[in-house]
Amino acid sequence: MDWHRIRSDFPVLDQQVHGHPLVYLDSAASSQKPRAVINTLSHYYERDNANVHRALHELSNRATEAFEAARKKVARFVGAASEDEIIFTRGTTEGINLVANTWGAQNLKAGDVILYTGMEHHSNLVPWQLLAQRTGATLKHIPVLDDGTLDPASIDTLLNEQVKLFAFVHISNSLGTINPAKELCARAKAVGAVTLLDGAQSVGHLPIDVQDLGCDFLVFSGHKMCAPTGIGGLYGRMELLERMLPWHGGGEMIAEVRLDGSTYKQPPHRFEAGTPDIAGVIGLGAAIDYLEAVGMENIHRHDANLSHYAVQQMREVPDIRILGPQSGPRGSLVAFHFDWAHPHDLVEFANSHGIAMRGGHHCTMPLMKRFKVPGTTRASFYFYNTIDEINRLVEVLHAARKFFT
Amino acid sequence: MDWHRIRSDFPVLDQQVHGHPLVYLDSAASSQKPRAVINTLSHYYERDNANVHRALHELSNRATEAFEAARKKVARFVGAASEDEIIFTRGTTEGINLVANTWGAQNLKAGDVILYTGMEHHSNLVPWQLLAQRTGATLKHIPVLDDGTLDPASIDTLLNEQVKLFAFVHISNSLGTINPAKELCARAKAVGAVTLLDGAQSVGHLPIDVQDLGCDFLVFSGHKMCAPTGIGGLYGRMELLERMLPWHGGGEMIAEVRLDGSTYKQPPHRFEAGTPDIAGVIGLGAAIDYLEAVGMENIHRHDANLSHYAVQQMREVPDIRILGPQSGPRGSLVAFHFDWAHPHDLVEFANSHGIAMRGGHHCTMPLMKRFKVPGTTRASFYFYNTIDEINRLVEVLHAARKFFT
Amino acid sequence: MPLSDELRDLYQQVILDHSRNPRNHGELPPPCLHAHGDNPSCGDEIDVWLRLGDNGVIEDLKFKGQGCAISQASASMMTQKIKGKSKDQAASMREDFRRIVMGDGAPQDEDALGELVLLEGVQKFPQRVKCAMLAWRAVEQALEGK
Amino acid sequence: MPLSDELRDLYQQVILDHSRNPRNHGELPPPCLHAHGDNPSCGDEIDVWLRLGDNGVIEDLKFKGQGCAISQASASMMTQKIKGKSKDQAASMREDFRRIVMGDGAPQDEDALGELVLLEGVQKFPQRVKCAMLAWRAVEQALEGK
């Protein structure tokens, strides 16, 4: 693979920040976009822009065709059995809220257990907390071990017949831990629990096949996988989707509306009320085309190399505490802590050297408490990053240590 | 105003459809985008793209600044007292669902009346129907007279102390009727009802001042006012917003998250869970800059001229039945019906002559029933349309009549 | 005003005539098979009533509907052509008709379709395929309970 | 590795020293005024305890907190400077300090701020203004109940 050529597909990377070449190590928060995706948006707005569905004029036909073609691409990309199992959302957060407010509100009652883990993003905690308040369901969580993995003994005891829903993150955005999704889904299925997989950090980083993984729901964000902001996807198994009542009411999701009541369309349209983010959806399709052209296996391998190298090199910085798995596979990110500098000071220091990282709780406050840190600094990678950039990061960490101590 | 120069700001308009210059008369469904907005998106993705809030690196600072600047622009554009009263949504539909699921679910109980009108878009019907099912509230509606206006006698009787919420459309997307929003809000206030104004067809077409109008909530869609798809706004009076519980749970809307519960931020962030449509928000800001440069008064006047001229000219086509006000002010759209052709056939015919119109129920099925039509054909205008285009439309309507009868 | 060839092909006189003066319009008295079909995305609706003989032959059928010229003409022409045919014959005509309106391969027995073949102009208008197929899907539903 | 001037200005030795060895760190025993401040967007937190004399003078104050060097140093330096000052003096020092970190006009009495003036490097880092102001807002809240 010519990774340098691929890097040049990303115009944003070609700039200086504070007199240094930009080193963008914040892709876990949001990825950059290749020119192909940016151009798809411009092209859509310059040639084809119109509202989709229910129109017969040329622009609307073109927009509708591109829109529904993107749904097929997403279905194929995540291995869904049918494109009707793909619902477009604003992102991971909206997808989880949709499931909580439809499937969850319909199926959970007092005493049922919602199981999650101690490493969930707020997006995979708060919606279930709100749902538990509403239904009387009980919240339980699988604790995280010191090495950043889930406690197997707790899985044995907690993942039992009381559990109606098991929601867990595929790749932790704060630890880099890759959870054994296939095994966990199988075990959940064995006790009759429905599974929701938070794929925010895995979709676009690993090849994904929902049928092989065996999850019932998968949620992800386009903006973290080269697509525009504001678009994402929810995969749901049709058997579940077709029994779910609508969430948002409005245009496009109805079969018939009377002044006193209405009937609803089949999935996925039942769950897509109102004018969708048409350009965003088409841009997501273009991002998938782009990722597939690079190759998901290639991307995964490159990601893994970067994070492996980063962990190795960063371990040499004195006093550093790297969270998450210390060896073996990890997602393409490394979060770490120093006693001598607060994450925000470190991020500020790095920024003045052109390096973009994120410091703080990364929307995983309970995990920060678990590891007794006020927050961490996180360097996260994607296939457009290079070994050189990691070297540069390590250099800057050394300099920061000298400066702050 | 040099309207021809302004028209040339819209690249999409410069194309041929079936060998004819495109005549885009479907702006009520979705408006076209000026180059300034398209370029803002490209520029954002090529220079500044990063996740907003809670980061300290350069790109994230730029993105956050542009994002929050757009909130200020929206607040000023609709006359809000503070930018904290502006919540970003996907569009009108999501805004109404947000209000129904937060303010509505908290404040409505069995026996309370939700009042709407017979000319509402499905987006302003179905969310209230779902809410009524959940709360036991009663749905009532103000009937529409033959001339497309609300029945004043019914307003007198129906808008009473039982009404907790009065939700109504500012400009009807199917009739063109401009409802007397200020008067209706004042009357609602007098009986203690909260008002929600559906501004999908008015924001971006008329100067809007929520404080002058006196509405409690205003919802609108960016894609109908030159902004990208997938972004819109909800204005809510702070007094109401600050008492509303959150809707979606996730990142950005929380103050503190524990594994067993959470506390929430102040509005507007309380209602913006997860990564927002950053580029969409910034694009909405650019659209507002553009509209303000053209001038909202100018746009309104141009719109009004076009629809006035269109009604005049179209009345000359034999057998036509134009819905909505036959004289006086109307929104920039004309919906009509012929006995001799179904709307879809007419739209297809027009399309083969380069004209983009929409045929069908326009997400107002109850209104179609009310006027005993299976649907209508709608020509809708914006400030980039011209008198010439209307002449062309009328010509094609004559030809269609000859062809189909 | 010049009309495009595609448009003339889509709306041939025969088609417009069927849509204005639909044949076999109305309801059959029970007992009979009945199905309702609609295209929620465009609002076209159709009801078909259908009496099947002991020998599996469609003895009579009628329809009522509202929608565009294509959906109504297709329904009207269909009723004329499948009356007197067996369930199986109707099914293979449906498949042949689908091929014609979608441009998806050659029909097995074009002759059996008669003037229905005139609807091949729909090929150029992919959004209208579902209009042309609406009545056919309703008949399938009535016959097969699908 | 060369450091930018802005960064050196932001993190001057005095500032780093205050953040590493915060003065007046700890709690006061009740009865006293207390307020908690936080920046939810970055997670910085502070608690201030404050004893007011009958004459409206801040007789003693202490703080505990966690957060970045700027927020902790600002808190530490503040406690030294406003101890012994009246409520009103503290309020005008807060306003002067705000002007300095935001670059929003000249302070009325720069001398009163002493080494707090060193935090003017924050001007170049608008995202950090709320860090610098955190402790001041907490004191305001404790004093004014705001």
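Here the chain labels run A, B, C and D in written order, and each chain numbers its own residues starting at 1.
Convention: a contact is a pair of C-beta atoms (placed from the backbone, for glycine too) under 8 Å apart; a residue touches a chain by one contact, two chains touch by 3 or more.
Keep in mind that this is a model prediction, so the values were computed, not measured.
Trainee: Please identify the chain with the largest separation between its CA centroid and the CA centroid of chain A.
Mentor: Checked the centroid distances; the maximum from chain A is C.
Trainee: Using mean CA coordinates as chain centres, what's the gap between chain C and chain D in Å?
Mentor: Comparing mean C-alpha positions, chain D is 80 Å from chain C.
Trainee: Chain A to chain B: how many Å between their CA centres?
Mentor: Each chain reduced to its C-alpha mean, chain A and chain B end up 31 Å apart.
Trainee: When the centre of a chain is set as the mean of its C-alpha atoms, what distance in Å lies between chain B and chain C?
Mentor: Roughly 38 Å separates the two chain centres.
Trainee: In angstrom, rounded to a whole number, how far apart do the mean CA points of chain A and chain C lie?
Mentor: 47
Trainee: Can you pull out the residues of chain A that are in contact with at least two other chains?
Mentor: As it turns out, chain A has residues touching two or more other chains at 18, 54, 56, 254, 256, 344, 348, 360.
Trainee: Two-or-more-chain contact residues of chain D, please, as numbers and ranges.
Mentor: In chain D, the residues touching two or more other chains are 42, 128.
Trainee: Once the touch criterion is applied, which pairs of chains come out as touching?
Mentor: A-B, A-C, A-D, B-C, B-D
Trainee: Show which residues of chain A lie in contact with chain C when the two form their complex.
Mentor: Against chain C, the touching part of chain A is residues 53-54, 56, 61, 64, 254-256, 265.
Trainee: Which of the residues in chain C come into contact with chain A in the complex?
Mentor: By the definition above, chain C touches chain A via 38, 40-42, 126-128.
Trainee: Along chain B, where are the residues that touch chain A in the complex?
Mentor: Contacts found on chain B: 11-12, 15, 17-18, 22, 24, 26, 29-30, 32-33, 37-38, 41-42, 45-51, 54-60, 90-94, 96-97, 100, 118, 121-123, 125-130, 139, 141, 221, 223, 228-231, 246-254, 256-262, 273-280, 344, 347-348, 350-351, 355-360, 363, 365-366, 369.
Trainee: Write out the stretch or stretches of chain C touching chain B in their complex.
Mentor: That would be residues 1, 3-4, 6-7, 10-11, 16, 42-44, 66-70, 125, 128, 131 of chain C.
Trainee: Flag every residue of chain B that touches chain C in the complex, lowest number first.
Mentor: Listed in rising order, the residues are 18-19, 341-345, 348-349, 352-353, 360-361, 374-375, 395-396, 399, 403-404.
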